[in-house]
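My structure is below; once you've seen it, I'll send some questions.
Labels run A, B, C, D, E and F following the written order; every chain starts at residue 1.
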Amino acid sequence: MQLIIAIIKPAKLADVRDALHEVGCNGLTVTEVKGFGQQRGTEELYRGATVRAEFLPKLRLDIAVNSEQTQGVVEAIQKAASTGNTGDGKVFVLNLEQVLRIRTGETDAQAI
Amino acid sequence: MTTTELAFSLDTFYLLMSATLVMWMAAGFSMLEAGLVRSKNTTEILVKNVMLYSIACVMFMLIGYSLMYGTPDVTSHALQADLFFQMVFVATAMSIISGAVAERMKLISFLIFCVLLTGFLYPIQGSWSWGGGFLEEMEFVDFAGSGIVHMAGAAAALAAVILIGSRAGKYRKDGTINAIPGANMPLATLGTLILWMGWFGFNGGSQLQLSGPDNANAIATVFVNTNASAAAGAIASFVLVRLIWKKADLTMILNGALAGLVAITASPDTPSTGMAIAIGAVAGIIVVLSILGLDRIKLDDPVGAISVHGVVGFYGLMVVPLTNSGANIVSQLAGAGVIFGWMFVTSLVIWGLLKVTLGIRVTGAEEYRGSDISDCGVQAYPEFVANRQD
Amino acid sequence: MTTTELAFSLDTFYLLMSATLVMWMAAGFSMLEAGLVRSKNTTEILVKNVMLYSIACVMFMLIGYSLMYGTPDVTSHALQADLFFQMVFVATAMSIISGAVAERMKLISFLIFCVLLTGFLYPIQGSWSWGGGFLEEMEFVDFAGSGIVHMAGAAAALAAVILIGSRAGKYRKDGTINAIPGANMPLATLGTLILWMGWFGFNGGSQLQLSGPDNANAIATVFVNTNASAAAGAIASFVLVRLIWKKADLTMILNGALAGLVAITASPDTPSTGMAIAIGAVAGIIVVLSILGLDRIKLDDPVGAISVHGVVGFYGLMVVPLTNSGANIVSQLAGAGVIFGWMFVTSLVIWGLLKVTLGIRVTGAEEYRGSDISDCGVQAYPEFVANRQD
Amino acid sequence: MTTTELAFSLDTFYLLMSATLVMWMAAGFSMLEAGLVRSKNTTEILVKNVMLYSIACVMFMLIGYSLMYGTPDVTSHALQADLFFQMVFVATAMSIISGAVAERMKLISFLIFCVLLTGFLYPIQGSWSWGGGFLEEMEFVDFAGSGIVHMAGAAAALAAVILIGSRAGKYRKDGTINAIPGANMPLATLGTLILWMGWFGFNGGSQLQLSGPDNANAIATVFVNTNASAAAGAIASFVLVRLIWKKADLTMILNGALAGLVAITASPDTPSTGMAIAIGAVAGIIVVLSILGLDRIKLDDPVGAISVHGVVGFYGLMVVPLTNSGANIVSQLAGAGVIFGWMFVTSLVIWGLLKVTLGIRVTGAEEYRGSDISDCGVQAYPEFVANRQD
Amino acid sequence: MQLIIAIIKPAKLADVRDALHEVGCNGLTVTEVKGFGQQRGTEELYRGATVRAEFLPKLRLDIAVNSEQTQGVVEAIQKAASTGNTGDGKVFVLNLEQVLRIRTGETDAQAI
Amino acid sequence: MQLIIAIIKPAKLADVRDALHEVGCNGLTVTEVKGFGQQRGTEELYRGATVRAEFLPKLRLDIAVNSEQTQGVVEAIQKAASTGNTGDGKVFVLNLEQVLRIRTGETDAQAI
């Protein structure tokens, strides 16, 4: 099993969710985060002085999947989240040792 | 000092206090609209409201007042008090528009339209009824402006909404309607209560003279009826939405109260208390149905301005003959038609010209990020909006 | 025009302006309470406040006014102005309750109680003092309603709080008290300043006549004393909380100012400026101690309404004889007892009946998620509340 | 009743209503400042504003009024009404300071200064112009206090800002300026509109007498000009910031409107409408340039109070001779110099003494966490501020 | 060492924290997240139109533990967080390569 | 490749970012979190009653790095984030199986 972490542009959430749905992945957890990378923040003006907004709003999706799904999910995310512009984000994949569904106590594959 | 001189002072003061309450309605519209838009468009709607009031005052002082009233022969109170009182009305008409086109109208086009409406469209039309023009001669009755101010503003708003289209995401492809909740309910409520308060100046001041028992009695009646109609409007809307949806949608209740205020404005001095309650209650029902109906035909009006001021303004004109023996339904219909026609057609032309020249709508990207960033450079609540979209 | 006619106009205008300021207090209570509850209950408290004002007006116009005053023989000003002024007072009494039972009272039961209080309980009681009833004959003095309006409302609120119990989580099992901070301090401050402003209409208008130097002087004194007492109340509360806790708890300062206003209301025309300051300062101390005391005995009052309006309202009645030679402590005690007894007992019966029939408290799950969702379907700040509980 | 008696009543009522509007400005300053500071300092600025109004009232009643006016011989209206009207002015002067030193001034030192300014500094200075002192004799003209109230407050604020220094992080080491946006634009707008409304009482009431056609006409002119200047100030600021930065910075527009109000205050009864517009428009330009300029020289004024009230207040005094034949530029300059000198020097001494004794600035850690926690123990929006710093 | 990620209902935070305390686990980091799974969001009404609130508020707990604690902690979370209703959440377990306490520079077992 | 998770005091963000910059690490994702550990929350007063603020605001940084960078980055964080007081935070290191740059589709070392 693997845990896929995707950092995406907030505007792409609906598209990515639909794409995940299509590859049979229905559970995910979303966190509001701020990102810093090649894409630079903007400078805004307030009373003539600058406001540096260095961090950019992004969403982080955490998706637990079975190993055989991993590549399909990563590709689906890439297709749905890409705009071709800097700041589109990253996907990270980690190994999951164990998964548990709290409600039923089911574990691993059953629990995803 | 003679009693005439004293009456002059008293009447002047009465008009100035009334006008101050109407000026205060600028804050009411600002807060109502700021509460009902999303936070990403809040600063921009505040800019629009402050600027439209400022522009309306300057334009009306420089041009509109004399277009509407010529050089009026006022003797019972200070001429300047008359100017001040009439001036604050025009801002109300314009405020109606800012709400209806909120969250997508370009700031600069809006302000250009504001210059034209407050300097020309409104005063020309106003002169027909209040400046001794042909509607007045026809016995068209509109005490404080259900039609002349409110429906007039709504007509211009309707033209704008037709040309500008709905906010992105409001109407889904599958035909269902996507609610876009406003950001701040306490502000919307505060705005409504400010308007409610200011309306005592709006209607109460429109008697124009306080001295003499008849005037004083009339004004007191206006206060009671204005309040009664608003209260009944709120109650009727509450009961209706509660019955339909089992929920007490605050924004509908606020619209109901405002509908009561708009409806009674055409003739607040003639109904009995009971009639004022009835007029307001029906207005509270109409406004809810109208908001639902306009959404059905995809006219996107974030604050319900066209329903509150336009549909209910028309209704207000129509019920005048029920309580006012000086009015008749034919003149009321004719007056309503003339006012609506003039305001709608001229506005459509102006908005249309603006659309093909400067453009009237922000770009899709600007709409997405919010006009606060694109037009104002300042967000309304910079610390709170964690998820500013990029 | 005669001077009598002019005086009629002036007095009518004076009452209408005063009443407008009192109407404005509806916004004050709305903002104060909206600021002091958690954001999950904000829309609902706004609905309650708008609806209670609307219902109070309609009920008092239809039933309460004639219950309270019969058909008064008013000659110095327009009869309708009198109705309007008396009407807005009843909403104040009801507003007090909405604060005390905030965050747990069922909307529908609250509104039913509102119908009964504003149509019957308050006017019947009011007639005893202000409608020529037995308390007036006993020389019970309550100029603008420390007891008749404020303590009366607080008595009904106390009955409700006893029957409804405290908010979930307010009192911990280990006996300690868990603070539940309100969501929006600027709104609470705005609400208090609106009330402060409106109180000039509340107390200033209660002279009922402006014409004549005696009346004018009395009213000016009322304005100065009302303001002095409020200022002193705020200062005293500030000093006290600063000494006890080293922190300037804003909500206590606001309660202190309101306590000063309530305390002076029973006789704002008689104290010297110095006495008004003293009365207000003591009120500012009492209110802080009362809030702490009520919390100790587990009466949960989120906005401190029972302390501000009830405890301090009683105190206000008791200090009248100090400055008003027409009052005596026995009548004041008797009047306070009668008003409190009537309002408390009748309210307890009505709340009790509501409790066993419709229920007066939202379910635990509704309380947890907030009444905004369960009763109104709209959140107060939908974009901000990131962590809506499920 | 005689007409004189009736005039007495009318004039008293006029002053009381005007004073109520000025009292309402306390809410305006509170909301404006609460909107323009960061949320971590919002509760504290609200405490300062409520307390300064309260202290100002008590100090002025007990000491300041007799210092400033002796025992005035008022016959045209109630003496207490005069006290009330003069009293609310002093709070305005003090409100100016709280904005300029926001986000870093120690609460307790601020309140001690407030006691001294409202009890002594302001009334002594005020007596020179309005209490029959030497500035009045010199024909120094300041109708409602561009200099005596606004510039005076700004002078004390300037002394404080010089001694207290800028907020941490405002000026970067590389010399650039770091914007620190305020937390709540709707509140700032509401505050400005409240001030705008209140200003009709501030300027309109300063005629001090309403009865008689001359007075009534003068007051009506004051209302129109006050409004015209504010509207023009907002428009001019809008145009300027739009041209420079392509963005409509709402806070600058609000400052522009306030600048228009301050500028016209020195002589609102003499300009024609056109001149009032011109005076306001220039004020709207000056205020933007002044805000930029003060930032350049590292005087950190979060709300722009020194520019709005000080720089524009001075400008307002200087343009009086353009429209007021009773004024001359020499006296205006002398008056401005005397007022500024007195207020600046005495304030500098007092702030200096406070600095070396109690201290005037919160610690770095307190500033970082926000004064709400360190001084008040209550946050302004406890549920929203997700990222309270530790 | 392992990193345990638990997605729970917000209302269960206090219970879970007490349960963790009992099994000797005192440090944790909490994030506000939005979840999407079998449990569906609600539809709300605003001016007669629907608001789809598809994502549900959840809390994410990150807890670093020594390997021998892992099973105990997972079980404690499951017991404390379970209501038996859909939406109770998930527990994910990942391997931790390294842990460092910033203040002291202690590492691994000492640092947890 | 590794994923470094650092829990730090909010006030240290600017310092840590500068330190990361110096060791050649330019991308990171920041999340606002609440922490619970040896450092205890404060008690505040409101109307005479106590408000327990048990969780303390922290920031969580997620930084994907190539394996050879890991030690350098961890050390840089430790130096920059340390104040010597309780509550300075933790650093966790996890193995990353896979990294993808959404915009270009580049993977692993190229994608970081």
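Criterion: contacts are C-beta pairs under 8 Å (C-beta built on N, C-alpha and C of every residue); 3 or more make two chains touch, one makes a residue touch a chain.
Model, not experiment: these values are computed from the prediction.
Novice: According to the touch definition, list the chains common to the neighbour sets of chain C and chain F.
Specialist: D, E
Novice: Quick check: more C-beta contact pairs in A-D or C-E?
Specialist: A-D
Novice: Same or different interface residues for chain A and chain F, judged by whether over half of the residue numbers are used by both?
Specialist: Mostly different residues.
Novice: Please work out the Cα centroid separation of chain B and chain C, and write it as a whole number of Å.
Specialist: 32
Novice: Distance-wise, how many Å sit between the C-alpha centres of chain E and chain F, to the nearest whole number?
Specialist: 18
Novice: Roughly how far is chain A from chain C, centre to centre by C-alpha average, rounded to an integer in Å?
Specialist: Roughly 52 Å separates the two chain centres.
Novice: Name the residues of chain F that each touch 2 or more other chains.
Specialist: 31-32, 44-46, 51, 58, 87, 94-95
Novice: Where in chain D do residues touch at least two different other chains?
Specialist: Where chain D meets two or more other chains at a single residue, that happens at 3, 6, 10, 17, 181, 184, 190, 245, 247, 249, 251, 377-378, 381-382, 384, 386.
Novice: Could you run through all the chain pairs that touch each other?
Specialist: A-B, A-D, A-E, A-F, B-C, B-D, B-E, C-D, C-E, C-F, D-F, E-F
Novice: Please output the residues of chain D touching chain A within their complex, sorted ascending.
Specialist: 176-181, 245, 247, 249, 251-252, 291-292, 295, 304
Novice: Within the complex, which stretch of chain E touches chain C?
Specialist: Residues 9-11, 32, 44-46, 51, 56-58, 87 of chain E touch chain C in their complex.
Novice: Provide the residue numbers of chain B that touch chain C in the complex, in ascending order.
Specialist: These residues of chain B touch chain C: 3-4, 6-7, 10, 14, 17, 21, 38-39, 181-186, 189-190, 192-194, 196-197, 200, 204, 210-213, 215-217, 219-221, 223-224, 227-228, 230-232, 234-235, 238, 245, 247-251, 253-254, 257, 273, 277, 381, 384-386.
Novice: Which part of chain E faces chain B closely enough to touch in the complex?
Specialist: It is residues 44-52 of chain E that touch chain B.
Novice: Which residues of chain D touch chain C in the complex?
Specialist: The contact residues of chain D facing chain C are 1-3, 5-6, 8-10, 12-13, 16-17, 19-20, 23-24, 26-27, 30-31, 34-35, 42-44, 46-47, 49-51, 53-55, 57-58, 61, 77-81, 83-84, 87, 107, 184, 187, 190, 375-384, 386.
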